[in-house]
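Take this structure first; my questions come after.
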Amino acid sequence: MTTANDVLSALQSAFPGAIQEFRVEADNRLWATVDPNKIVEICEFLRDEQDFDHYSGAAGVDKIDEALFEVTEILASHGAHPVVALLKVKTPRDAPSVKSLTDLFWNANWYEREIWEMFGINFEDHPGLYPLLLVDELVGSWPWRKDFKGYPDYNTNERVLEIINPDGYAEYKISPTEAEIEAGTVPETRPEYPTFREREIMELETESEMILHLGPQHAIVPGPFMLDLKVDGERVKKAYLDVGYIHKGIEKILENRTYIQGIPITDRMCYLAALSNNEAFCGAIERLMEIEVPERAQYIRVILEELSRIQSHLLGTGEFLSLIGGVTYSPFQWMIIDREETVSCIESVTGARITHSFIRPGGVRNDLPDGFAEMTRSALKTVVDKTNEYKELFLSDSMYEMRMAGIGVLSPEEARRLGVSGPPLRASDTPYDMRREDPILVYPDLDFDVISRKEGDSKARVEVRLDEIIESCHIVEQCLDQIPGGPIQEKVPKKIKPNPGEAYYRVEDPRGEMGIFLVSDGTDKPVKVKVRGPVFAYFQALPPLLEGAYVADVVAIAGSMDACTSEVDR
Amino acid sequence: MELPMDITQFYDIRFLIELGVFALFAVIIIGLSILTVYSRNIVHSAFYLLGSFAAVAGLYVSLNATFVGVAQVLVYIGAVGVLILFAIMLTRRTIMEESHG
Amino acid sequence: MVPLVLYVLLASTMFVVGLYGLMTQRNGIKLMMCVELLLNSANINLVAFSAYLPNVDGQVFALFSIALAAAEAGVGFAILILLYRLYGTIELDNINALRW
Amino acid sequence: MVLSTIVEPITDFVAQEPKIAGLIIGLIAAAIISSVTNVGAMGIVWLERKVLGDMTNRFGPSRVGTRWGILQLVADAIKLFTKEDSIPRGADKPVYVWAPIVACMTTMLVAAVLPWGALNIGGVVYPLVAVNMDISAFFVEAALSLMAIAAFMAGWGSNNKYSMLGAFRGIARMISYEVPMGICVISVAVMAHSLNIVEIVEAQSIWYIIAQPLGFVIFMIALITDLGRVPFDQSEAEEEIIAGYVTEYGGIRWGLLYFQEYITMLLGSVLLVHLYLGGWNGPTIPVITILSPMIWFLMKVILVLVFLIWVRGSLIRFRIDQVTDLGWKWLLPLSLVNLVWAVAIGMYFA
Amino acid sequence: MSSEMMAVDYYIPLIMFLIVGALTPIGAMAVVKIISPLKPTFRKGATYEGGISPIRDALIQYNVQYYLIAIAFVIFDVEVLFLYPWIYIYTSEVIPTLGGVSIAILGMATFIIVLLIGLLYDIKKEALRWV
Amino acid sequence: MVVKNFQLTLKHAIHGIEVTRLYPEVLMDLPAAERGIHQLDVRTCIGCGACVRICPNDCIEMVTYKYGNPLKNKKMKFPQIDYGRCMFCGLCVDDCPTECLTMTKDFQIAGWNRDDIILGPDDIAVGKYSDEEAAKLAEEARIAAEEKKKKKAAAAKAKKAKAEAAKKGDEGSGEKKE
């Protein structure tokens, strides 16, 4: 098996002098600072020679003390080896510019756009550096920089200027006051680019084409995002996706909260995966503090995370069914009912139904209550029975087969290239699961299968989720059998101040690979938290997947991805 | 001049009802035909035409030719009407010119 | 019974309206609609006559005429759509390829 | 008998002055049937909510009007009547306004020729039909095709992309299924030797569901499609095109269009019962002999309605291209097969 | 009641039904006009398209494929139209027979088969494909 | 085919309703760990303000309240919670040193205006003292405070004397201490 050391030595021999600094954190973590001029070649070498075919994301860090920006490219492999390479590129703060990796990795596109709009780091050779999450008016103030002074106060209504455009629609402009300009909250210069709407109109060719907006307020969207379809008749010719309608700036908020205060904030990234998000954040802190979680706490975490996966998959599948069958389609409601029981089990431990804020650095908030095991076992039994019933139902339903089979097919190569993760990736014959790849907690001691399907269509994605529900039930039962006694919380100082350094911690979210990249400088607040969410990755893959489908299939495909807008716009 | 009808008929309420029904349909048919020709909006024109077809169907039924009347509804309104509307939708400039020009 | 002459008057008025439209309009689809009006006025006569000389032959004729009109409309509009796709217009004045 | 003293003057009047009687009786019958269909549709909406609630382990309406939520529809109606009646700026106003009216007129036309049950008076069954037309089955077919025009009017009048797509889908699905439906009606008529629904019912010594099971299935599918219900509700698939051609409608106009759908559902069930389930035929119930056919009729109609609701709770929606494919490639040839079968049986018995 | 109604010309009650059918919605709309508030604003009148102002009108030139489906419908609609009167005569004794089978049935069979061939051609040419 | 769909819906339709409830009349059974509206034991609250400091959303504010225990909470400041901002994360409960702040199963806080969901100590307190008790406690606290003041004054005096003594003894070190 390739380890981080092997990768490092291969890199050093291939590019002598290009690796400026390095740190091998463990067998599967390689940190390296590389020469900015060689980054593309190095990544190409890693991709072609060392099987790093999974571009996992990029994070920007503002090192204001050193007058530097750092861009960390996170590379991993789809199962060939467990090494994660984090390559840092430094660029001066006054004219930040980094080479773009979009030629090598298709899915680098959005990550680089995000860094550009948030930090103002230019990416050379990027095909379209347009803002992704920010409103056009805010681009240019680079909000994630450390010297960002805040936006002008746009809440004051007196300054709102209504402009009626030629089509008769009102637009609202807020001009900043002089005081605000002086305070530096308004950018002096703004980058120029065509807006999203203008880019769409440019692509209309024939008279029978039209742009159909699905969203931001549409029945198919699980949260506000805009999916624009260029359709001819009902056939989708091209799809455009605009996100950022509910951008909450959670990464920036976390920088302004102490570590412990950040935990409830991470719940809000995606409330269906609140426990996984907590786990990722606390896990990263634990990495930095180098503490080991007591075994009982680890078991409790696993139990709750798997229960959380069950409820998330039940809701995701139910929502998907409501999209293809209407809200009157009964299995949708049944799944919600099953989910309620699972959520009640979680609630009996954490005290909350969706936003748990339960996991703490070094342990968990409280112990399992009395009678939890019996309650959970009976709930799991119904869940397993019902899930088997649903599987049987979908297998025997020929209308479902007609609707779903062969729709939105992602071939394994395509799925890897587009960078999807989680159930959609596993449905495309790639058994890639963080619980196996990057084992945490007590997962290595547990016996479970990584579910995968060969077809890669919408039907397979749903089947994977249903199978994972059963597999998760199996895991929880094992944990309930094996759970030892003992403390649930390691001694940690009341004020958490991790050691200065960086950590990257990955967990398997219900939706895929959730990674948290944490930079600490030894104070009680993080310098930078970068969330590598799974849904951000799927969303990027949605437009190419939709091309050539019918409008009705758009619903089936988007629904089978089980997207969570909240996490894209974290 | 000799009228082609018997004036005493007008004292008969049955005849008056019949005449009223005929007049109703006749007015609808003529009015909607003229509107069909004059209307600047071609889709309105098509709907006027369909209305006039419907009135013609009513006329057929009142003439005791029920089958022809119902056939008129089925074919003229149900099928030819759909054809006309689709043809309008498939030639975009006609709509734009007529309804906005 | 309503005098037959009223039906004939109605039919002829409708015919005149259709004919007027046929002569003044330039829009192909409008022309087709006018043709439908003409056919309908003929049908009214057929049915009225068949009702006044108790005999269903006129109704049968009307039925065939309706079927024919449907076929005519289908082909006519198809031609118009084709013309539109070729010339980008259905103003028949502008389509001079039809002239000899 | 007292009854005859009341009935006889009326029949005499009708025989002497058929046209005046037609006006009066037509008006009374229209008023009665209009209220029956409207109340019936309200009942269906309530029934649908309750049955769907049961299927999905929920309560359904349970607040307004006792534990059973009987007054829910009244509350909804009050809400619709007091909502603002706004017309979108881009709409083609006359067309937009006329679409619900055309839909209402269509349903009333259909309701006029359908028998609404029957009464057994002194051993003779009198069907309750306002207009006993010779070719009423054909008339119902033709009138139902008008719904496509109403749908197109609503779609075009709204000037909205979802509405237009919904209108196109609506027309495509209606025209794809009108032909199989018509052929099914013809197959039934072939066996009954009549297009009069009353005569078709009277001719059903054996229910036609037994004589033509294939025809029944095809007619059922075509009927659901014509009604635009799940799994054939593509024209208002809310997850795809919001509400199709009713997207831009609000308040009472939406209420009217929505209500027409349920009235059409009632009419469709009645038609199905008459054509395939023997209408009001059934063994005479003692004691209440007069109402016996009526009870059979209502039972069958409610059964069909519950089945339609059951379908809605159980099936997912087809895609629109699958709908047209199913209509043209399967149902049309199969309905012709059924026609051949019906002709064969008809010849055999004749 | 039916036998009495038979004596009446049925078009007159039908007209009454039509009038009632038209008056019901018109009356409802009139009632709404009286009792409901009406405060139109610019925003309320906007076209709904996912909450975003639409790009271009909805009245574009639609795909020609829709027309092909409509035209197929017209053909079969006319076929059905001719089937309706046929049901009264297919067992009639006066119609001559050919090889023991009534001409009415043979003729209709030929008619339907010709149309079925047309349908097959339509399906093969993908004329009924949805856009 | 689709027979199974019909079977399942029928099965569920016959089956009774288990999970759905008619909400305001029938409430769900909540576990003991439920994190609902806070409960404040005013007898033990010491007014330390730890909850204010840990709250991620700044929704807790210390306000004066007279029915508390002045013996423990000298300034009589108790937390007031703005539920418009509260995330029910429970961090304040975890951080409370005397465990006087806890969370109950009650979750119904809807009100007609924004002020209705700002719950002061009066709304969330348990173990409130009656007026007489409060007066008595206030009296006790006053006496205690006076005594303490006296003690303090005495201590200060003593300290001063000591300091002076020390100063006299060793000037350098005394200055350093200050």
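Labels for the chains are A, B, C, D, E and F, by order of writing; each one numbers its residues from 1.
Just so it is clear, a residue touches a chain if its C-beta (ideal position, glycine included) is under 8 Å from a C-beta of that chain, and two chains touch if they have at least 3 such contacts.
The structure presented is a predicted model; accordingly, all values stated were derived computationally and were not measured.
S.K.: In contact with chain C and with chain E at once: which chains are those? Just list them.
M.R.: Both-contact set = B.
S.K.: Figure out the least number of contact steps between chain A and chain D, where 1 means they touch directly.
M.R.: Tracing touching chains, the least step count from chain A to chain D comes to 1.
S.K.: From chain F, which chain is the farthest off, judged by mean CA positions?
M.R.: Taking each chain's C-alpha mean as its centre, the farthest from chain F is C.
S.K.: Pick out whichever of the two, B-C or D-E, is joined by more C-beta pairs in contact.
M.R.: It is D-E, judged by the count of C-beta pairs in contact.
S.K.: Taking each chain's centre as the mean position of its Cα atoms, how many Å separate chain A from chain B?
M.R.: Averaging C-alpha atoms per chain gives centres 62 Å apart.
S.K.: Report the inter-chain centroid distance for chain A and chain E in whole angstrom, where each centroid is the mean of the CA atoms.
M.R.: Roughly 51 Å, centre to centre.
S.K.: Per the centroid of Cα atoms for each chain, what is the distance between chain E and chain F, given in Å?
M.R.: Here chain E and chain F have centroids separated by 71 Å.
S.K.: Hey, how far is the Cα centre of chain C from the one of chain F, in Å?
M.R.: That pair's centroid distance is 86 Å.
S.K.: Which positions in chain F touch two or more other chains at once?
M.R.: 2, 5, 8-9, 12, 18-20
S.K.: Scan chain B for residues touching two or more other chains and write them down.
M.R.: 17-18, 64, 66-67, 71, 74-75, 78-80, 82-83, 86-87, 89-93, 99
S.K.: Touching at least two other chains at once: which residues of chain E meet that condition?
M.R.: Expected reply: 9-10, 12, 14-15, 42, 46, 49, 54, 57-64, 66-67, 70-71, 73-74, 77-78, 80-81, 84-85, 130.
S.K.: Over in the complex, which chain A residues touch chain D? Could you list them?
M.R.: Contact set of chain A toward chain D: 168, 210, 212, 218-220, 234, 321-330, 332-334, 337, 397, 399-400, 402-403, 550-555.
S.K.: What residues on chain D touch chain B, complex-wise?
M.R.: Where chain D meets chain B, its residues are 17-20, 23, 92, 94-95, 98, 133-135, 138-139, 141-143, 145-146, 148-149, 152-153, 156, 164, 168, 171, 175, 178.
S.K.: Where on chain D is chain F touching in the complex?
M.R.: 51, 54-59, 62, 310, 313-315
S.K.: Given the complex with chain E, which residues does chain B contribute to the contact?
M.R.: Result: residues 17, 21, 24, 58, 61-62, 64, 66-67, 71, 74-75, 78-80, 82-83, 86-87, 89-93, 95-96, 99 of chain B touch chain E.
S.K.: For chain E, which residues are in contact with chain C within the complex?
M.R.: Contact set of chain E toward chain C: 64, 67, 71, 74-75, 77-78, 81-82, 85.
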